[in-house]
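Following are the structures in question.
Both complexes below contain subunit A, partnered by subunit B and then by subunit C.
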Partner chain A sequence: MNSQAAAEPDAAEPNPAMNELQRDALQEVMNISMGQAANALALLIDIQVTLSIPKIAITTPQGLDSFYQQANDHYFARQSFMGDLRGEVISMISHQGCAQLGESMAYEQPMDENSYDELVLELSNILAGACLKGMVEQLSTRLHLSAPALFKPELRQDHYSWQHALLLEISFTIEQVAFSSKVMICLDEKSIRDLQQRIDTLLS
Partner chain B sequence: MQQQSLFQHVVTQLSIGACVVDANYRILFWNDFFADRLQLPLSAVEGQSILELFPQQAAFLKRKINSVFVLKNATYSYWEQRPAVFEFHSSRPITGEECQMYQNVEIYPIFADDNEVSCACITVHDMTVTASYQQELVRLTETLEQEKQQQQQLILKLEQAQNQLLQSEKMAAIGQLAAGVAHEINNPVGFIFSNLQSLADYSSKMLKAIEVLGKMVDKTAQPSLTNLKTDLYQRLNLAFLLQDCPELINESLDGARRVMEIVKSLKDFSHVDSQDWQLADVSTGLDSTLRILQNELKYKAEVIKNYQPNLPQLYCQAMQLNQVFMNLLVNAAQAMEGFGRITIDLYQQEEDLLVKICDSGKGIAPEHLKRIFEPFFTTKAVGEGTGLGLSLSYSIIHRHQGSLQVESEVGKGSCFTIRLPLHQTAAGPALARSL
Partner chain C sequence: MALQLTIADDSLLSRKNIRKALPSVLDATITEACNGAEALQAVAAGKAELLLLDLQMPVLDGFGVLAELQQQEVNTVIIVISADIQPQAVARVLSLGAAGFLQKPLQPSQLEQLLLEVGLL
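On to the complex of A and B.
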């Protein structure tokens, strides 16, 4: 699956309050963080990991819906983080490739439903943890990532309490086993302002 | 109390398991949670490899601890996927059903000053209570689901039984009506028919007399007589009468005959028949019916017979069964569009004899399928057929304690399956009579 071609939320409008300079800075922060994340993963599983250029956009609840449509052939997990910034990391992990990853990560064979759940949770945790770690280091923020949990999009509620969130989206693929995943870091509205402050600090 | 010892007390007595290991999996510290459950104080295990103490999950622990040192991030394990990482006995040895503790485990890095990971801290949360509730809920849901399924099946059976009951009541009511009507009509139609036959005879004689007398008049060649004759014939339109009279009588005889056929069908349908019950070969009956229908079928379809050899004889009303076969075969032939195929399967299935008559005709529409066994139901034009054939067949089969079922697909064909039990109860015919 080419994650780049996945349906894009119709939320490509930049945050009106985030200016060009801030965006670029954030993009740079992301690029570095994600690079570190890909390296971390490769260290652990000893297979080449490719990542996309991180996308930054403002999203709405409907925008997230377009990702959930892929629930047929993807696992979903979510992890909350809090500290200087507040939000959740949603991971989307393709069914394809999980069997091989499980093997190379020395999971007990044969793998049953519980093993796959464990694998998805572990992969999400690794990816989310690595992505946030990079941001934490560069922006000198304090963030605590809590435990991941499996997430069934088909059971999600219809109404949300928020209108806008900042979505940082990165795709990780492992071509060798046709594995693809998306990590979506979502920051709530208040955190967008805090983030801007920190970027300003970085720029100065 | 000093800060240091304050923290030590807090951690030691925490109701969460805490165990710190270094990069070589050696235990640097563990709190009372671990010590109590394994009956091993810290002093006994300090410096030992945690992998040796828990060999069952050594591979798992090794992998997880490694990832913490390499990735420098926390990692987790949940009771749902992995009930117990550390083999502790259940915390509820008296009242609990479980033998082991259910655990959520978190392993997080502790950093040295140089931002490298100096050691990893393993925390264990006792999730036994939660797990127990969850599992009970799942069990309960499964039980409820099963009960729901069973109830649905029961409802279905009840619906079917109700439908069958309605159907047989309908048939019984119609049967009684038919019997009554048939009886009332029978006598008048009977004498109409025989009167008509007499009338045919008389009228032909009278007409003959007129003809002969006419010829006699002609022979006299006396104009006064012959003119009178011609005049009379013309006035009475005798030429037409001579031609039409026999036609009228024949048509009436046909009509009366048809009514008598209908009455006979109705009587057959509603009466318990005086036919004797006997042991007979169903295959013989099928074959003789096929012989009778030979001409009807030969231009309509290819007939394929699959008779299982050496079948036991069936205690039955042979004539009635043959009538059923005839009905089904005639229906099959009439359903053909162009030249088709009729397959007759005869075989034994456990304690039953099965006769399956399938055709490649035009099939029966789903909305009609429910009604085909209803008396007088027919899709044919008025005047063609009585609409009693299938209901009669159904009734005969039921008298044999059997069943008659149909499967059909429009455009593909229909399949009628007759199931006849080989061993009827002694009260069989008597019971059937009450149907």
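On to the complex of A and C.
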């Protein structure tokens, strides 16, 4: 049984670990990307967005459960991307603060369910889009990002294209309106190895 | 005499990029700091006539360093190099006495221009 598992290339390396230098470099790359994302949002709403240090972890699809458990008071949207790197980016957006953001972003008041959906898609596009764009520019990769789609975590039945993924978790908060958002970039195993190579190039 | 220069950034990659971006004509003795507290130590030890300062750092962040140095009224030229490029962050940094603000990823030409403006080149 064990020998069989070891024969599969992916099973042989179930946890593609990053060394400290790679982690440092990736964190810096994400820092810069999230700075650009926060700036894109701040310019739109004219309110300062608070940044925190991005978290990097290896995860499995089950690892996303802790986020999905917050579905009561958060919206979720996902976008897949392909190209040099493949994976998906998930945006988690608090219900709280959305009404005020909608107002700052000139959504017609009062907002109905449709306009909230539209707002969540727009916010995911701004935040996740800028995060990925920043990453792509710094790592000289090319990606095609699909349009965001809303989803309900409890209804998510689709097969994940990855078994182990690099989870890049980026948090944005706007204290003034108690808004919080996380952008989670999930990369499949092949892309993780590719990313490591690109980071090594950056470090050389 | 060589300029005493401290680079304060928690990221090794970033410190490396800043070193690479320094104009070759700049004659400097470089000290590296990994957080705000180390940056303040470097200033106290006279190793930072010029301080290139990141904002998001553990222990003490860049805003904390700026506030402390403003109180101490030390003679250090501070240039903030940050990923947080929001107008509010830039305004706060300048109000806390930084001589300039540069965004990451750092463009060597912008660093050179700013060093010329503050009279260090």
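The definition used in the following text is that the second predicted complex is superposed on the first by the 182 of 204 C-alpha atoms of A that agree within 3 Å, B and C clash if a C-alpha of one lies under 4 Å from a C-alpha of the other, contacts with A are read in each partner's own complex, and residues count from 1 in each chain.
What we mean here is this: a residue touches a chain if its C-beta (ideal position, glycine included) is under 8 Å from a C-beta of that chain, and two chains touch if they have at least 3 such contacts.
Since this is a predicted model, take the numbers as computed values, not measurements.
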Practice item. Answer with clash or fit: subunit B and subunit C placed together on subunit A by superposition. Key: fit
Practice item. Tell me which partner A:Ile32 touches in the superposition: subunit B (first), subunit C (second), both or neither. Key: second
Review point. Is A:Ala106 in contact with subunit B, with subunit C, with both, or with neither (first, second, both, neither)?
Key: first
Review point. Between subunit B (first) and subunit C (second), which does A:Leu21 come into contact with in this model arrangement: first, second, both, or neither?
Key: second
Exercise for review: Scan A:Ala147 for contacts with subunit B and subunit C and give back first, second, both or neither.
Suggested key: first
Check your understanding: What is the contact status of A:Ser115 with respect to subunit B (first) and subunit C (second): first, second, both, or neither?
Key -> first
Check your understanding: A:Ala130 contacts which: subunit B (first), subunit C (second), both, neither?
Key -> first
Practice item. Go through the superposed model and pick first if A:Leu44 touches only subunit B, second if only subunit C, both, or neither. Key: first
**Study point:** Closest approach of subunit C to subunit B (Cα atoms, Å)
**Key:** 13
Practice item. Could you pull out which residues of subunit A sit against subunit B in one structure and against subunit C in the other? Key: 43
Revision key, fill the gap. Note: in the complex, subunit A contacts subunit C through residues 21, 24-25, 27-29, 31-32, 34-36, 38-39, 42-43, 48-49, 51, 53, 138, 202-203
Revision key, fill the gap. In the complex, subunit C touches subunit A at residues 11-14, 16, 56, 58, 82-89, 103-105
Check your understanding: Where on subunit A is subunit B touching in the complex?
Key -> 40, 43-44, 105-106, 108, 114-115, 117-118, 121-122, 125-126, 129-130, 133, 145, 147-148
Revision key, fill the gap. The subunit B residues in contact with subunit A across the complex are 59, 63, 66-67, 70-78, 80-82, 104, 106
